[in-house]
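Two complexes are shown next, each including chain A; its partner changes from chain B in the first to chain C in the second.
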Partner chain A sequence: MSLAKPYDGAAIANRWRMRKFIADYGVYLALLALLLAATVLTPKLYDVNTIAVVMRQASQLGIVAIGQTMILLVAGLDLSVGGIFLMTSIVVADVTNGRDDLVIPAILISLALGALVGLGNGALVTKRRVPPFVATLGMLVLVKGATQAYTKGVPGGFVPDILGIVNQSWFVLSIPLALWLGLNAFFIFVLRRTSYGRKVYAVGSNSEAARLSGISVDAIRISVYVLGSCLAVVSGVVLTGYVGYVDRFIGTGLELDSIAAAIVGGTAFVGGRGGLLGTIAGVLIIQLLSTMALLMGLDIEVQFIIKGLVILGAVTLYSLASVEE
Partner chain B sequence: MGWGIDEYILEMLNVSKSFAGVQALKDVTIRCRPGQVHGLVGENGAGKSTLMKILAGAYLADAGEIIYKGEVREQMSAGEIIDSGISIIYQELALVPQMSVAENIFLGREPQRALGILDLKSLHERAANLTERLGITMDTRTPVSELTVAQRQLVEIAKALSQNADLIVMDEPSAILAGSELDQLFRIIASLVEQGVTIIYISHRLDEVFRIADEVTVLKDGELVDTRPIEQLDRPALVELMVGRPLDEIFPQTDHEQGDLVLIAENISTDTILEGASLELYAGEILGIAGMVGSGRTELARALFGADPLTSGTITLVGAKGASWNNPAQAIESGLALVPEDRKSHGLFTSLSVRVNLTLPILSRLTRFGILQAQAEDEIVADAKERLSIVMASADQEAQYLSGGNQQKVVLAKWLETNPVVVILDEPTRGVDVGAKFEIYKLMRQLNDRGIAIVMISSELPEVIGMSDRILVMNAGRIVGEVPKAGATEAGIIELATMADAMASAS
Partner chain C sequence: MFRKLICGLFVLCLLLSASIVSIGQGDGMITFEITQEMIDASPYLQSVIPRLNEEYDTSEFAKDPPYRIALAAQGTSNAWSALFDAHAFWYVEHLGEDVISELLYGDAQGKADIQVPQVEDLLAQEPDALILVPMGAAALSAPVERAMMQGVPVVLCASAVETDNFVTEVGTNLYMAGANLAQWLIDTVGVDGDFLMMTGIPGTSTSDIMEEGALAVFDSYGIEMIDKQPGFWSVAEGKKIMETWLAQHGDEVDGIWSGGAQMVQGMISAYEDAEMAIPPIAGGEMQNGFLRSAIEHGFEFYAWMYPNAMITICLDAAIQILQGEPTPRFIDFVDTMPEARPFTDAEAEDYYRPRWSDDVHGPVTMPDEKLAELGFLVEESG
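Take a look at the complex of A and B:
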């Protein structure tokens, strides 16, 4: 890069502020626009029950999206979460077989298995230098295959009634929403105010510089994959309670939705930039689009087209806002 | 063609260019006579490469005019510019390693038979003609990946000739060449000039410019300083034009004594070119490391810092903190710091704030139970800003929006906060403007005064000679000699850095 005087600091600072504004608040402006559009297009959205449902579904997506965001921050990607949903749902049904008192052990077993999947993802990406897309895609197929082999294609067991609690709302509050908000609060704090969070950003921003700054890059990467898988388990438990039975196709598409939510929320695909505040808005946008499309009676294909356009639009805007050199 | 021998083949008039508010070129004019070698010199960041990228069509000038072969050039694509007879050979060679010499030369313009089938016979014949014209023998079927860097450069030149180039720009071609290869390059340049080709030769090795250039244009801080026939210049005069002040005012001097031994490296090798390097480092000194690009300088720095694992040898830190290390984390713990050569890819977190950049290696000192103490961090940031006079809008500004000099200061400041005993600086002033350069020199002296030992790697020999107390010269992965400060000359260092071809081929 060529640099020469005069260095116009003020112009560059202004550019930086503009970019930062778009990065930090642009997605909230988009969310606001969507909510305004809804008053005309789908006024039915503004109903306490509908909002409660939207929030419960958003929470379920949002919990995975927390992990997905953190994985994207270290320049990774996790496609295996879909496998974790299926695995969680089968473990819960299989271990409890409908008994409420076995829910906690079932969740713990799911978390342990999820952590193993995350460890596998992390190890492949760091130790074997497999590109995250390939490693986690392989893991997705592996986990789905293994769970189906275990159930011989016919999932058995019953989902305990107590998990149905995730479908209850008090006004718009619900257990999934509380979980989502609580986990967000916790991880926003971790990312912003702890050395672990700083290291996550550093590894994603420039892994070699991070290593030369004394950071154990591999350990950070692996830990983030493990966290991502565990959050997918939590989300999977919520989803299992919502569906109420074991479905072979449970959670299909959520891996892509969670990535989309993070990207729409301003987290960079190349790592090191973005965060959970943006992802919250991204999740709400993705969820609102689905719900509004449903309320308008649009076909599923049209829903996909709209979602795709929103993602592409967001990415285009962010690329316009970022300045190279 | 409407231009004669007395006119210029190329005139770039009043060219300006800025990037994101940074003026990289301001009103620069350069005129090249046909069939001559035109030297283009200036420090890093002077605007040489930007000017040439505008010529190549890689950048669009904000203002100015290009007159080529007597005609004002309209806006053209990079491909059309090549067709018009202008070829640029960049420092980072742009060849496809898996493909053969001939395929690379005619990439995208392969001779074809009917139906688009490649005419391989003609391809190799024409490639052989070109290499012959360059006076070199080379099997045109060899994959480029098997060639030496010097040979690859010749392939680039052959490629330029195949495009009927009348004007070839060479961007620091010598940076990757050793003695006899350089002679070969100069022979080829001379024969090209005889054939009527015009060469723009970018270099910051002044000896070379004096050896081959007919005219020299000097740029500084994005502005034209002067264009002069080479006969009207001597070395000190050219340096003064480049730097803007006499040589002896550039490098701050101290008169400190050599301190205690702080670090011994014995016979260290890594899985890179580095082989069997030994050195001693004393408190408060600057140990300069000179050598060609690719001679193992950066590898030595990385080995000392534990960034590449040692395959043999030992590194010992003498004194209170006496320790050894196998990775950067342990090296930092022991009191080492490395400011890497490639700031953007190894040193700076461009997408993160200045604050985050400054505190990464000392997070453990700023946290309680893993939670950052905001006040302690603010103090560090304010201290660094003050100490190095870093110009920034806010500590939360992303590092990519700082100027090159300020970015380098951030990287330096980050390491000073770790209170190191040994600081390794790999090309500390690359890509920074002259003002920031002096500040970095002053800072290095301040570190010396505090007893900190500095290892400084630099491609700029005046800098190595001006700043170092002792100079080690590297060649082909080995340390081939030590030059004391007194009596160090650029010619002497280059000789050591390039002479040992025999040693290189033996290893």
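Take a look at the complex of A and C:
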């Protein structure tokens, strides 16, 4: 004879609260755990110089991750940012040819081109109903092909010296870090305190409901893609100054790392849930993992495995929490 | 019993010393001796060494000019390959239509998966010979075998495949190149030095073979690296890794082995930001951007060369085969291009060309006008 398990409302509620807590704060706990582990495994991480390096490198990823998070919030995705880094680098070197006084026009041209790419992505996704993965992958190939056709495979020109300022650190503060924090503050305000931000979440949560409530869904989606591309241009300028050279590998992998940072930070792949604070933690986790792996002298294969496990772990955790909801 | 053991050891030592094989990298200033033990451990050396003294009887391929030659190149992926292609087209034009009537060209965009079907397409056009820059040693082995079966002689240019069924390979002993860089570093710094090692892209034969040669030398001195990481032949990656290494090891670093000049540019930038003195670096190249930085920062380096102009030697080899002349199975470009020998910081000014853009890998055998047409000649930045 078997007895039915008695209904225990309190236990279910407790379990739900626990999972909700993990979904809401898991990324910060993971970051804390990583920092604690570093005190034992890689104490060098806490040197001022190392922190400055980590923050400077995290900023390059962080700036593009802001745009990626916003695109994910409207249930999108942007792979084309990988092409935008290279395009920006080429435009900056080509337009300025090393002249500091031409940096501003070069950045403006890059932003205009970046906005055009974002517009193309947004239009394909909204007007032609092309899945974001396909649309932005196509755009990535197109942008890379166009840059290659323009340069004939040989990017020329010189990067202006003034962009080398992104390599300077004062204690742990650097220009890229200030830029990353400033852009985060601005976009957190936009997402939380403005009607535009509320519309972004509404479109991502339920686009049909958003449309019925009078929100121009397509306009919001397109604008987010344009913002994402422009932020990729900003990141591209920082990267160009960092490298000081038009490197054909510039920003390689950042497109996927930026998606990973947003996902690890709790932004849902299906849109409507997540935010930039979580992404900041996600970016720091990904950067800390890379730096700690290097400090520990781990092989590249092990580094990839660890990164993959962290991403899979985060996605599993969030999916468990969302099932419970 | 003890005496027998001593005698045995003595005989073993004699055998080992007798089995030492010396295969230097052309006129390189460093010559490292390769032992039988190293050969046994390296499939690359096992493939190259027997071919050093072999010739291929090419009478079966003999025919009258002009020739139609297929070039399956790395293609539009970086400045090295852009100059490689430019050298190819210039040299064909230079030889004239009565020697090469057509150069059938395939652009692999640096990828093996694109190159494999491309080689099939080129072979379908029935060329007289195939010059292949293999994008993957394993992936391109079968297409090479098929070409040879089809009666199209294959010249491997700048890289290798996993089969020995081809006519000749033009390149250099990459194992020795890596080993020589390591030997210079040890000679310069001393065996007690603390070394770092940055390799190219893991899995690519050029990078892996150079690394294998370098590690054999370091191991022979009992030297253990502080760390070894791949820099993916990227300035950005090189800098990122170097920044972290500097934070971790700082002044401890006595010398660095690098599998490419691009990564050294990143290292220099990291040292510059950290305001630290740059230690001796083995792994420069005759790449103008690297030389510009090296002269500006003044540090000890050892550079090797992997000239894109070697395609002219590959074309000459293809013509030699089609003329039915016996052809060496391994052609070291240093033997026919003596200027492509290794050099040190003492000669940096001699190799630097102020009018070349940073991307140019020398030595260049084309006239300056051709470089200008391609945008490789620049005005100095204002």
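Following the convention adopted for this analysis, the second predicted complex is superposed on the first by the 302 of 325 C-alpha atoms of A that agree within 3 Å, B and C clash if a C-alpha of one lies under 4 Å from a C-alpha of the other, contacts with A are read in each partner's own complex, and residues count from 1 in each chain.
In the analysis below, a contact is a pair of C-beta atoms (placed from the backbone, for glycine too) under 8 Å apart; a residue touches a chain by one contact, two chains touch by 3 or more.
It should be emphasised that the depicted structure is a prediction, and the values quoted were computed from it without experimental measurement.
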{"item": "First (chain B), second (chain C), both or neither touched by A:R198", "value": "first"}
{"item": "Partner chain in contact with A:K44 - chain B first, chain C second, else both or neither", "value": "second"}
{"item": "Touched partner set for A:I300, first chain B, second chain C, both or neither", "value": "second"}
{"item": "Contacting residues of chain B [partner chain A, same complex]", "value": "19-26, 45-47, 49-50, 221-223, 305, 307, 328-329, 331-333, 338, 340, 344-352, 356, 359-361, 363-364, 366-367, 370-372, 374, 391-394, 397-398, 400-406, 414, 431-433, 435"}
{"item": "In the complex with chain A, residue positions of chain C that touch it", "value": "75-79, 81-83, 202, 226-230, 232-237, 239-241, 243-248, 262, 265-266, 269, 272-274, 289, 357-359, 374-376, 378-379, 381-382"}
{"item": "In the complex with chain B, residue positions of chain A that touch it", "value": "1-13, 15-17, 19-20, 193-196, 198-199, 201-202, 205-206, 208-216, 268, 272-273, 323, 325"}
{"item": "Touch list for chain A against partner chain C, complex", "value": "44, 47, 49-50, 53, 57, 97-99, 148, 152-158, 167-169, 239, 242-245, 247-252, 291, 294-295, 297, 300"}
